[in-house]
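Below you'll find the structures, each written out as structure tokens.
In what comes next, chain A is part of two complexes: it sits with chain B in the first one and with chain C in the second one.
Coming up: the complex of A and B.
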């Protein structure tokens, strides 16, 4: 896959379709791949990497990249493409300034799970059939890829790239039975006290590094309310550690209806807080109250919480079904 | 720092009995920025207002907090008071310590504490208030009346008489509404058609009135003085300007088996039809559900016989867009469906009829030509049982019917009973009632006449069951005063079905952003003091869309609504509301969230140059609010993900300050 993508990237630069390419390059380690912009075929040969660790959602980077002169190419996985469409609906990405290459995807991996499988000292990764082959300082090791998949890929909602100029590989289908709400249901089944304890234990680990906010395609405001002195909440010392926890709940409210469930917030969290569950709870509630809605699935539909129809659930219904359920 | 004056009102004993007003004034006097605090018996009285004005001048107040009744009641009063003393009216805040405190609390200590907290919140808000100046907007001097029943007709005539053009939008092919279906009217027993049809003709001939029959309101945009309405003119497959209403098409139409809705389905009409002889406009309409030509493409008889060449099978729905300064809702009522009341055998026997059906059976232009014949075998009924309150005054826990009294049924049942006895003295008439309610001019005399002069048997009690048996209707009922069961073999049973708002009212309310109660009646701006205005500025209410009414009340309300409309249309300019949304362009993402939720279409976007880093210029898409169109509802401020949109006078900071003050 890497070879095909690199070839396409070089081809797009050489024939002048684009003058920049948005891709991944290695960071400190081979598995912490970082989004990067390439301007010459030589740079691509040297640094461009695509592997099972190319999880980063490229859509958000197109906000800044498409503001610049010229045209940029981007390689977009199915889940990234939903953010791409959502951001276009919000007029954040200038589509005419980018060339989208959709790439078929069968899941991205989590280095933490590789380590948990007992593989230490890895230096490189490759794929063989449905296995991951890891070169380590102790020799070559293998493990089933499915055991290393990111949570969001285990419950992959769609293998369909919803907006592209050309595809690499065959475009897939949506997968409504992905079971992505199972964990939410488990939380819903808890008593309020159990659920409160669960979230306290999770959110109290937050170090407010803002990685979730910085990576989230829906969190792309010119100025975040948390940084705006007029909002009354910026740079405010938390009165208690619980107030600090509210950051994530407020953030989930702010992206509600626009969150495509790309799962980047949980992927980048250094404390492994399952932040995506907050967003999924909102998505599940909206689906139940207003009918199924997938943010970024198309260019026309309005998010249910920014739309009014006479069939909308009455506030009393919304209220009654909440609480201890 | 503001210099704030606090004025705590007793509202006689309304507030003072449950709130220690002196303690409230004392506590609020200690709040930061407060330079004066007092209490007084009636702050809204001339003396109270004079005191506020004196203190503003004497102490140089920059903000005023009034702890009194709901701002819905007297905010405007106190704003005017302060404006006369030279203070910007938007520097006044009301803390509602009546509806939200004294009327809902019994314990004086609790009430006093809450009043202090609400006062503190209002003070915190005034600290952040800024003077606001209202803009002006022009008034389109044309009114729209939705519904062409007696309410809509009367309103339109009154507005037109004052010299303003009016459009009536009526969903049926003719105006006239329910009143056109009635036989006689209580309490004078004059014929409904005789008093209604001249008004219909007046409306049809008035130069200021345009009747858009067979039409519906599709979309409403804009605001008071400047509504833009899209109206769907449904295809009637007849060119209105050519049709002379001669009726030849109806004679020739081979499809004669269409249930006639004007006669409540008691007889049939043709597929091309004029609902009744006095219809306005007197223009034929083709019923597309039954027309053989439109369904199968075979027939065309009406077209061949029409000397005016008015038939057009290819006609499509058309849309017209028009601007209006005011909108009057007159969508009226319908009897409820009797499906859930089958204990009265309505679906089992054609001789069990609703009162409106009975009205048609008595009407000279009805299916029996005015002779009372029972529908099953067209014989004279000799025993008739009237059942009142079918679906009215039902228990809230019952799964059927309405809680309210439909108001008109007692009187029209007395009318039906009396007319029956008058025309057919050999007929025994029974009326089963819960209560007989006759509060109206000459109403009780009318009912008494039915009992005393016409010997109608009024029985207090409810009919439990009606069973059709051997051509008779076995009526089982109880007489509550005699405490006994009654069995009557009746020939006909007439059900006084409850009335409910027309089904079109709910979606229309959504389009108009007008509010409704749980029964789908439109709500008034104030139930006592502003009964013909809706809370949405520029939208007025006429007739039964607002609540059950008889004809005299409807006509009175129609005239009142018209006078309110005229009062609006004579103005050349309206003073706007300065509490409108305003975006902070530096923070706006241009994401269109606010535009999507704006019900008034007040938000547009423009690409604007901004100073970027290193002396560069960035072009960014940012929101702009048209202050003349914005109604200050605030939907955009909560939709904006980055908090760039703010409502002037109700900014996020002001509201947070209020919350902080309450939670302190």
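Coming up: the complex of A and C.
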């Protein structure tokens, strides 16, 4: 796959289709790839990497990249493509300034999970059958690849690239039975006190680094209210439990109906807080109250919060559902 | 030298915590190691390092400075500083121990001194634990830190499969070990552990990181380097690197207005943030390039300028592990170092 992608990237530059290529740049190790802009075939030969550690969603970078002169190519995985479409619906990306190559994806791995499996000092990786074989300072180790998959890939909602100029590999299908709401249902089944305790135990570990917000394709405000000293609620650190909860809950509200469930928030959280569960609860509620909606799935469907139908839930649904659900 | 069998380690933790609060690296619900007060049943984390560094215990992320209480036109000013009880931090790694020296130069020894920091620092006893299994992300050797030696604290400690070994290196350390349920051990008891650790150090991929292009007096040479633009281009501007860093020391002072009371607190700040050191005249670092440059120039040039050439990085590798886009100080050192 990497060879095909690199060939395509060079071809697009050489025949002048694009001026720049957005991709993943090699790091010190096999896993620490950095999103980068490549401008020459030589740079691509030298540093472009596509591997199971190319998890970063490139869509948000296109906001700034498509403001620049010329055209940029981006390689977009299925889940990234939902963000790409959603950002276009919000008029944040100039589609005419980018060339999208869709790429089929079998799931991305997370180095944090490799480390959690007890593998220390990894310096190289290869894949054998369903396993990751890791060379480490302490000898060769292996683990099942599925144990290293990002949560969003374990519950992959779609293998379909929804917007592209050309496709590498075969485009896949949506997967409604991915089980991504199972964990939300488990939380819904808790008593309010248990649920509160669960979220306090998670959110109290937040260090307010803002990685979740800054990586989030739906968080594309020029200036976040939490960064604005004039807003009266600017927070560099949570001064109380309330503020700690408030930041994440307000953020979840703000991206409701626009969050495509790309899972970047949970991928980047240095404290491993399962932030995606907040967004999924909102998605699940909207699906139940307003009918199924997948943000970024197409250009036409109106999001439930911006669309009125006579079947919409009444505000009293809050009381009907009560505290137990 | 003293020792205790690992099977009896809970007896030791119990004995320490009867004297003082004992902070220990423990895995939380999500498997992330953090320093938390020991209580019966808690097990020491098997991770090499905590997510947040041990600096939290001297320089917490949020701390109240003063409270104001308003009653009509009457304003009461309440000192928020509390007396700190003595405490022990067990299992600090040599890199984090070195970070205390870096923070001390700023908060403890430079005027104006930081009385909040000093109050905690003076009450602490630090047990430094050598690293038997460093990770590929470790580069403390580049800063002259020896992970086999467990220096920089009040007690140096080593572990093998069977035992923990302790050697007091300060008076405070001696006072801590006195009266604890420890057995005597030979002076060279940890020699084999050190030897094995040194053998591993030889294999670490970042052991030869070259810092010769950085240090005091390099501002003019490095400030306008064109590489900063490329290095910072995909930086998200989040504060992860600064908040997991054991040597990042910047803070902001904020008021929390509760209507009748105001809590004035300080909290960690990050040079990566858009309003960092913003002034009425505007933002001196208008784009992420300048903010990004500030962080690394501070670690590798400005701090050495002010503190006899000492770098303010200890090579713990936290930023290598946690940066969402995997940009980090090693990549900066290599990129700029190689082109010079």
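FYI, the second predicted complex is superposed on the first by the 305 of 325 C-alpha atoms of A that agree within 3 Å, B and C clash if a C-alpha of one lies under 4 Å from a C-alpha of the other, contacts with A are read in each partner's own complex, and residues count from 1 in each chain.
Assume a contact is a pair of C-beta atoms (placed from the backbone, for glycine too) under 8 Å apart; a residue touches a chain by one contact, two chains touch by 3 or more.
Quantities reported herein were computed from a predicted structural model and do not represent experimental measurements.
Report clash or fit for the pair chain B and chain C bound to chain A in the combined superposed model.
Chain B and chain C fit side by side in the superposed model.
Classify the contacts of A:209 with the two partner chains as first (chain B alone), second (chain C alone), both, or neither.
second
Based on the superposed arrangement, let me know which partner A:120 touches: chain B (first), chain C (second), both, or neither?
The answer is second: A:120 touches chain C but not chain B.
Classify the contacts of A:101 with the two partner chains as first (chain B alone), second (chain C alone), both, or neither.
neither
Could you tell me if A:239 is touching chain B, chain C, both of them or neither one (first, second, both, neither)?
A:239 sits against chain C, while chain B stays out of touch.
Taking CA centres after the superposition, what's the angle at chain A between the directions to chain B and chain C, given in steps of 10 degrees?
Placing chain A at the corner, the angle measures out to 120 degrees.
Comparing chain C with chain B, which touches more residues belonging to chain A?
The partner making contact with more of chain A's residues is C.
Let me test your reading of the model: by the given contact rule, A:222 touches which partner, first (chain B), second (chain C), both or neither?
first
First (chain B), second (chain C), both or neither: which does A:36 touch?
In the superposition, A:36 contacts chain C only.
Considering only the touch criterion stated at the top, classify A:306 as touching first (chain B), second (chain C), both, or neither.
In the superposition, A:306 touches chain B alone.
Quick one: minimum Cα-Cα distance, chain B versus chain C, in the superposed arrangement, integer Å.
Shortest inter-chain C-alpha distance (chain B to chain C): 5 Å.
Per the definitions at the top, what is the overlap between the chain A residues touching chain B and those touching chain C?
In chain A, residues 223, 228 are touched by chain B and also by chain C.
What residues of chain A sit close enough to touch chain B in their complex?
Residue list for chain A touching chain B: 67, 89-92, 218, 220-225, 228, 230-232, 254-255, 258, 302, 306-308, 310.
Using the touch definition from the top, list the residues of chain C that touch chain A in their complex.
Going by the criterion above, the answer is residues 28-32, 34, 46, 48, 51-52, 61-62, 133-136, 200, 203-206, 230, 233-234, 236-240, 242-244, 252, 254, 256, 263, 265, 267-270, 273-275, 278, 320-322, 324-328, 330-331, 334.
Can you tell me which positions in chain A touch chain C when the two form their complex?
Its residues touching chain C are 27-29, 31-37, 56, 61, 111-112, 115-116, 118, 120-123, 136-138, 201-202, 205, 207-211, 213-215, 223, 227-229, 234, 236-240, 267-268, 270-274.
Could you list, by residue number, the parts of chain B that touch chain A in their complex?
Those in contact with chain A are residues 506-507, 510, 584, 586-593, 596-597, 599, 605, 618, 620-621, 639, 641-644, 652-653, 656.
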